[in-house]
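So, here's a batch of structures to check.
The following pair of complexes shares a single chain, subunit A, combined with subunit B in the former and subunit C in the latter.
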Partner chain A sequence: MTVIKETDVTAPEFDEGEVISRGRLVWRRFRRRRLAVAGIGVIALLFLMAFVGPHLVKWSYTDQDLVHGLEGPSMRHWFGTTQLGQDVFAQTMRGLQKSLVIGLLTAFFSTGTAAVVGSCAGYFGGWVDRILMWIVDLLLVLPSFLIIAILSPRFRGKTWLLFVILLAAFSWMITARIVRGLTLSLREREFVQAARFTGVPSRKIIFRHLLPNMSSFLIIDATLNVGGAILAETGLSYFGFGVQTPDVSLGTLIADGQASFLTYPWLFLFAASILVIAVLSVNVVGDGLRDALDPNSTAVRARTRTK
Partner chain B sequence: MLKFLLRRFANYLVLVGLAACLGYFLAATSLNARANYENRNPRPSQASIEAKLNELNLNNHTPVVKRFTRWAGGVLHGDLGKTFDEQPVWSEMKRRMGVSLRLLLLGSLFGAALGVGVGVIGAVKQYSFTDHFTTGWSFVLLSTPVFVLALLLKLLAYKYWNPHLGDSLRLSYVGEYTPQLAGGAITHLRDRLSHLVLPTLGIVLGQIAFYSRYQRNSFLDVMGADFLRTAQAKGLRRRTALVKHGLRTALIPMATFFAYSFGLLLTGATFTEKIFGWHGMGEWFIDSINTRDINVVAAVIIFQAVLILLAGMIADVLYAALDPRVRIR
Partner chain C sequence: MSVELPAETPIDRFAAPTPGAVLEVRNLLVSFPSESGTVTAVRGLSYALAPGEVLGIVGESGSGKSVSSLAVMGLLPSTTRISGSVLFRGRELLGLADKEFSELRGEGISMVFQDPLSALTPVYTVGDQIAEAVRIHRDVGRDEAARKAVELLDLVGIPNAKERVRGFPHEFSGGMRQRVMIAMAIANDPDVIIADEPTTALDVTVQAQILEVLKTAQQATGAAIVMITHDLGIIAGFADRVVVMYAGRPVETGTVDDIFYRPRMPYTLGLLGSLPRLDRAERQPLTPVEGSPPSLVDLPPGCPFAPRCPMRLSVCLELEPDLDPTRHPGHRAACHRHPEIEEQGLTATDVFPAPVAGEPPVARRPRLERSAVLEVDGLVRRFPLTRGAVFRRTVGTVHAVDGISFDIREGETLGLVGESGCGKTTTINEILSLVKPQDGRIAVLGRETNKIDRAGRRDVRRDLSVVFQDPMASLDPRLPVADILGEPLRTYGVRKEQRMTRVRELLRLVGLGPEHAARYPAEFSGGQRQRICIARALALEPKLIVLDEPVSALDVSIRAGVINLLEQLREKLSLSYLFVAHDLSVVRHIANRVAVMYLGRIAEIGDVDKVFDAPAHPYTQALLSAIPLPDPHRERERRRIVLQGDLPSPADPPSGCRFRTRCPLFATLPGDRAQRCIDEEPAVTSQGPDHGAACHYAQVKTVL
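== the complex of A and B ==
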């Protein structure tokens, strides 16, 4: 996003004569993107809410306050209650917990898989490359939403970790392609050649030389994947193909709330807006990270050129 | 060009075939249609359950490979099997495909055209209010799941728009048309349109946000390019240079994004159809997973795989048409 002012671009990157580490340089560039910093703050706040919030109210997400069913927000029930008298605040916080944890784990596994598959395909080349890229092509033809929906009856009643694994298993393909491309060019560089000729095993070359050299890209990708994973999870849960009752996620809450949301909008609005805020702040942070870690990316290059 | 397209087409045909096989295997092993009969009250006799399951090729006691060969043999002869209600899948699919394709076509055309327009304006007027406004909103829209957006549109129409619009302009949010509507062609057309607006908005907004973000970046890149300065130095006005030389170059990456975004569009259409009660392919898919209707699920997978690969081919052609440097071997 371009909230950055034009004057910020011309601000000196570092003071003269000062030697600064890459970490501090990145942090300085990141700090200048005020929106991205705010995004980190919002994410921290959401985590705090999700894990501390449930202890602030006396209702758990399954409790039923039968006398006060279907009431709007009040001091007693901050976000109102459902038809069964369940506290919407407690439910939303529980759902937020699930969605955040699933999003983070999925992004981590998905980027990890992409890094390993992509670098192997690029480094080894030949038939390894052909088979791996062929699998990528095949998985790209089948929308992951369809596959996970079809497989959902199989993990009904089992742990939600299985759901995380499925989500990750069908979201790494595009990143893997990019990692492969990066590997192809890194592979020919002198330091990799030197390592190879001195007999360093391939596994070590990939994990010590190739992957660390694309860490910027991997960090950015993992961050942006968190947003995508939360969207995928809530979407599947919305149709009942993801997180299963009695557990709740923001997706199932929105699905439950939509039955009568035209007359009782609080059943839907709180969960929906928290979902949008969470994904939005993750995306803003990812965008800020991209500009800070990778100044050659299109957005920044264009900005400095048209200055 | 033709040879290239044919080779691409053959490659895609193989992928569609594999995707369909994989989809069928997944569906046939994880969905169990037997439970549908066994849960009936009164419960049918065991022999009749088996007979029915065998007739529909849904018997989970038959080895999956055997069921697959029967299904694949049918598909190769243009027979997609029968639904759980013993109707041919194809006859229902014909009707539903039209509904889905209308939504997808409108979504991708309006989404791409408006998105590119918004992106270009954002780039030309960089840092202006319009630019901040559109990038801000595209960020919000990209972070909003389609189902939240669709439900919000419903809420807005119910609470704020419809009370202020006259009877004739009221927006509908259930189904594609009013059943048993009396009146002439104009009334029917208006009725269709009033049902069309909200679902289309539901998927177009996300597409606009998607395209405008990339188009803005790509156009900014082009605006600083040397060839545009040269064009202006030769005497072209800035506007002419931007439109004639800039836009075409900036559109090249969009061809790739079109192929990529089409998968997202398909998933998005599933939500819109379900929420607005359109009887399209997406809605059919969700319903048939819940009724464990394997043949229907497989048919929807074929439909989506064909569309995704068609989008890929269109992207290839657009790429070659836009970029003269692309040499087709």
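== the complex of A and C ==
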């Protein structure tokens, strides 16, 4: 019987089909969304502008060129000047810098808080869950805009980081609820059970197993939060509750320039259009990420073509 | 895109149809676009179905068996490319407009799906849905259709059909829903019924009921049935002819006897050899088919089974074999070496290496002299049923586990079996969580969970580990294998270098290579993933492993390899297993003792051979008789004990003996004796050495 069992070939390399790593697959799906790729490009460009731009001109945002007050865009002042002779380009870049940094930090803090609070509430359940969700509900019914407006004058002169913390404190709740929901289903998954039954401590289960497994959601949420935070910051600064003079942000620039919108449009137009472009591209990227990370999304698949 | 035709003489599309065939499929090719390229799911399937015939199509997941039937029904999405020919009563179906197809579906060909819940619309009563099926094809009035619906429900064995016709799908159990589906399928006397894994989602006793119903339905309508399944046992008892599919192609076709007694293709041989047998006491070797089915994107030339075949020649890698006739008329096999297999009468064990593992050394001592690794005594677990969101009030109690006792000695495997809802999972969760039970006692390695503190619990966890059912869900998809295996070690403070050594050791132990450590779970096949789960369970050198249905999520050909591995590890490492399963054949193969659970209680417990060969509890008898054997002759001779109805709700168990509502013995008892079953809950009483049954009128009955 042994004769027939012999084979005259060695085992061929086991072919289980091409294994594509998740990262590459996501990138491939993301790339198909032209708009989202363009969004990333625009965001990168804005950052570049915000941080390199001020070094290209000799004016700082506080400098006054008194001879050339309230002039339109020219070679000397690319975006024109204000009544006080300040360079609008330098101011817009400074404002963009502030808005972008505030937007990023706020999104980071808000999503981070949401992830920790939501996963703890979902994982531990019981009293922890009840207390944390009670806090969430409470914060949700508080009028955040009003509270920040009341509090911010007290922080006048202090660091703008406090402003970031305030913004973040009022924007994490809904995400936390979603994270809690995701945790509730994830914690019943067998790999979490397996970790629990081998005696892995809860803290490690949350940070090693739960949060990484919802990372796609968290990434999307953080991205979309950036847009939201920039808008919130601009809104508050517009009403004078956010970034305080002499510092500028896109919101204060828009507020200052709006009065002369029809007569001296350059005071207003540049800051406003950069705001719209920034928020739009962040949202487009967020949408693209969501479609790329969500395997059930049809928006991408509809364009799939066979090789 | 072009589909390359398989290397076989293409059947002429325009040739005359086979006389007498009600459905004929010729050279069917189905492909669809996917993320990684074109998937060719079916590559040249041909069969002819005679009226009233039952054709079984067997294959593992991804073999193209379901896709081919959806293609016949015209139910594939529009992006699919289909070629070949499907003739229904001589009429070409491919290329038919959807409207014309709709006239045919239900009337000429109908289908029974795997998942009866999603196949029924939740917002209409089942009666309306059946009546709708009737009215689409027949010009009958509303009342007439409703009457027909009741008649059909009656035919498929739904009690009180007149009342139940007004029920909504969610009010029916899985088995009952599947009956409704069958009623809809036969509503218009179709000529062909395609049943796609109709019993896979159901418990074995319900499966037996549904197969009976399908037979009844077939007799009532005279329809031919295409039975698609991965379960060779069902095929053996149900089908007349069989098509075995692999990687989108038929690899062997013939009568059911040809396939089961004279398999000529190594894949079929391996598949049959990998099935543990319920009716064999001696431990027969299982033949694992190593590897996994190929990806259907850019399939390499040659026989698709060649990479897994121990008999491959160089020609197998170059040329895909045709489906050639063998010596038996009507029996065809796609293998270059089938004449050799035929001449030398090769069996599965000749072709595939089949290791037989022995017992661990400790198991040679008499059972009662060995120490107990797990003792469960009178364990109770109830869940309150609450209602209301703000003011929670308890409206009932689910008796998930209601006083069960068993023990496991060193080096022993106890099989815990029962249908879904019997309390198996609750039992192991209670054991694994190591907390004080609501009532009763659990002791792991002699340490009682009642008295254990935090540090003690941590110690016990080292000696007790678990392998879950679904190998995909039990591995964190975000961690590489090295981290997954290292996690238990890290938890108990093993240093990094030692950890890496141990990880490599573990991978080798379960038959994987150290090079696998850097990969992610998604890069492995189901069988390999389950091996990783086993390796993780072994990481801390435990004494007892709880195996929760470790092979039921795997494909048939992969199962044998994992079962063999578990047996080898048990011998090598002197492990004890608590093996939870609903598949009694696997339990018979691996376990030394078995406990049969029904509705939170143990119905029968004892030595595996005693319980299986001489079952004393009517439930065990019914359970054993419901399991189809992969042996056509024996299947034809067997008489099934078909249980009536479904499992009662554990929130409201019957008084006295819990099984009495479905018990065939209870139904035959005279009134005074039956009263005892209603009043008194039977305890487990001895039926001989190491054999106990919880029945007042226990009586041994051989059912295998």
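Everything below uses one rule, namely that the second predicted complex is superposed on the first by the 279 of 307 C-alpha atoms of A that agree within 3 Å, B and C clash if a C-alpha of one lies under 4 Å from a C-alpha of the other, contacts with A are read in each partner's own complex, and residues count from 1 in each chain.
As a convention for this text, contacts are C-beta pairs under 8 Å (C-beta built on N, C-alpha and C of every residue); 3 or more make two chains touch, one makes a residue touch a chain.
Since the model is a prediction, treat every value here as computed from it, not as a measurement.
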**Request:** Pick one for A:130: touches subunit B only (first), subunit C only (second), both, or neither.
**Result:** neither
**Request:** Quick one: classify A:154 as touching subunit B (first), subunit C (second), both or neither.
**Result:** first
**Request:** Please indicate which partner A:280 is in contact with in the superposed arrangement: first for subunit B, second for subunit C, both, or neither.
**Result:** first
**Prompt:** After lining up the shared chain so the two structures overlap, which partner does A:231 touch, if you call subunit B first and subunit C second: first, second, both or neither?
**Reply:** first
**Prompt:** A:197 contacts which: subunit B (first), subunit C (second), both, neither?
**Reply:** second
**Request:** Tell me which partner A:31 touches in the superposition: subunit B (first), subunit C (second), both or neither.
**Result:** neither
**Request:** For A:142, decide between first (touching subunit B), second (touching subunit C), both and neither.
**Result:** first
**Asked** On subunit A, which partner touches more residues: subunit B or subunit C?
**Response** B
**Complete:** Both partners, subunit B and subunit C, contact subunit A at residues 1, 305-306
**Item:** subunit A-touching residues of subunit B, taken from the complex the two chains share
**Value:** 15-16, 18-19, 22-23, 26-27, 30-32, 126-127, 131-132, 135-136, 139-140, 142-148, 151-152, 154-155, 158-159, 217-218, 220-221, 223-224, 260, 263, 266-267, 270-271, 274-275, 285-286, 289-290, 292, 297, 300-301, 304-305, 308-309
**Message:** With touch defined as at the start, can you tell me which subunit A residues reach subunit C in the complex?
**Reply:** 1, 4-5, 7-9, 11-12, 14-22, 25, 189-191, 193-195, 197-201, 204, 208-209, 212-213, 215, 304-307
**Message:** Residue numbers of subunit A touching subunit B in their complex, please.
**Reply:** 1-3, 6, 137-138, 140-143, 145-147, 149-154, 174, 227, 231, 234-235, 238-241, 254, 258, 261-262, 265, 268, 272, 275-276, 279-280, 282-284, 298-299, 301-303, 305-306
**Request:** Name, in rising order, each residue of subunit C that touches subunit A in their complex.
**Result:** 1, 33-38, 291-292, 294-295, 297, 300, 306-307, 310-314, 316-317, 337, 340-341, 344, 346, 350-351, 432-433, 457-458, 461-462, 464-466, 468-470, 473-479, 487-488, 491-492, 520, 522-523, 525, 533, 536, 539-540
